[in-house]
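Two complexes, one shared chain (chain A), two partners (chain B, chain C).
Up next, the complex of A and B:
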């Protein structure tokens, strides 16, 4: 559920509706630099109406999904 | 007299910050700037907590005015440094090279003012949300490690994106630049390169001479392919670095190794074969070596002239 929504936000962000994304996809593979990552995480937070700690380094989509799931649980 | 809300916020006379430059900004320079009414900032670069504690004690012995410490977040000693800053109750912390989220709440809770350097509106909003006191929006005209955005488009967009005070940096070298930054919505400025040539700056004289001699086109970006571009004066070092960088057969590790330590060599030895003289695009504007105090007083006077002069176009 969270994952699907994150993928949708990511596809919109990159304007690539067919973008292949898995839990293991890293931001680097998705060609998102650290600034993109911050933007994207904030968009994701807004859409789930929550906020996550960006303390630990976020490397993969799975990392973000995990934190969001924890935050809204 | 130039007064903005930043002066009250940081308890300083003029809204001028001296950038924390690795191997350049030490206690002596920071104290001179703070004593002159600006905010002097010590760079903690890659140093460990013991070195930093000594510098903090030194700056406290040289000035009773507020000062700042710049924390390079990629520093391997960063966790211990974060703690020392709390123990020493430093007035202001600026951060660079990374995400300060982890530390902001900790420092703010200790009564420290935290001002991250940001290269985009996203990071500015993130810093605000994490509780930052203000942000420094730094454009890629600056020296050293730079972002993509230029100051002119970056500053007003950051001002629109956040409600905390914005300080402009990158490409500001005189009072005209400061006046322009204030017009963009900033309430203060941070200058690095201009303070490289201050009398109190402990760097090799060759470094200062190179800044004084530099023309507008004399800086260059290196290391773009490594993902962390650095602006420096064109020297035989940057020419051979760029040659290696543009050669597809050069491994990234070799390039990283090539650049390592090059700033220290420039600052301490003044060696243009092996040193990387980091400097901003305003190097060409700097014509004389002055004391930190005279730099600040000159800047303030020029800013007043520029701001008052602007009114002539309002008909």
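Up next, the complex of A and C:
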């Protein structure tokens, strides 16, 4: 459920409705730089009404999904 | 009754460094810097002292206001610090101008100019018959670590000034502070007391958590602008211009998108000057003034955020 929502936010952000995303997709592969990652986390926070600590380095979509699941658990 | 801005001025050091110039001593590239920050060049104090650019901007502003230094009743200098810890930069500006009035520095980092306007507003509440110079100056090139490619590329040096007289330009103002050393910090020197000899000394250079500052900055612009337009009894649509602190183009674009304010209303100078800390907003204000963009009735929002963490925003209606 979290993964699907993250994919939706990511597709909207990149304006690519057909974008292929898996848990293993890295931000680098998705052509997202560090500030894009922050932007995505901000949008995800608003969408899930939660606050995500960005202490650990986020490299993949799976990392973000993991953080949200922890935050909303 | 508050104040009106009756003159503006600015000064930039002569030495300009392009992104390409930085690649000579930093492992970076023009593409990396431009895509992440929108910055192309910055001015660096090499031949000039911090006082030199502060004086130039102050004289410009006084000339624009058609006032003499002796007409000033107060000098407020928003800055992280001048050439010396003491005398304050404001006192040295006062001396060199030949003014004779109370003068002090004010440290609210990049929010300093808006903090300075708020302090000035309070003085006008006590005494309407004043002329106040707010001279915001920072030389970030002396405070960043030129071996840290993540932060050094972001900053530049500059000075921006405004001369204030009693009037009705200021419609609303809002400041915040939330102490935080983790997001952005420049440690100070520890001194050389013998008992401190074995303690670790942090290098006196800027350290910043870019992601945290980005999030803080976008949210500060969005929150503060909504607060000041409400306080001024107008809407975001009524604004003719927004002058944001020129930290990073991506921060400004993100805030504009969230607030649904067209980017055309945001006045930008970040590509040519980088982040000049407290000076960034008055530098833009002076450029607009000299371009004749500020006509009576123009509604302007200033919005700043920076180390502290501090934020400040206000609404001005140009008279």
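To be clear about the criterion, the second predicted complex is superposed on the first by the 73 of 73 C-alpha atoms of A that agree within 3 Å, B and C clash if a C-alpha of one lies under 4 Å from a C-alpha of the other, contacts with A are read in each partner's own complex, and residues count from 1 in each chain.
The rule we apply is simple: contacts are C-beta pairs under 8 Å (C-beta built on N, C-alpha and C of every residue); 3 or more make two chains touch, one makes a residue touch a chain.
Since we're looking at a predicted model, the values are computed, not measured.
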Next item on the list: Please work out whether A:38 is in contact with chain B alone, chain C alone, both, or neither, and reply first, second, both or neither.
Entry: both
Next item on the list: Using the touch definition from the top, say if A:18 reaches chain B (first), chain C (second), both or neither.
Entry: neither
Item checked: Doubly contacted chain A residues - partners chain C and chain B -> 33-35, 38-39, 42, 54
Checklist line | chain A-touching residues of chain B, taken from the complex the two chains share | finding: 99, 101-102, 119-120, 122-123, 125-126, 129, 147, 227
Checklist line | Residue ranges of chain A touching chain B (in the complex, touch as defined) | finding: 33-35, 38-39, 42, 51, 53-55
Checklist line | Touching residues on chain C, where the partner in the complex is chain A | finding: 35-36, 210-212, 214-215, 218, 250, 254
Margin query: Residue numbers of chain A touching chain C in their complex, please.
Written below: 33-35, 37-39, 41-42, 54
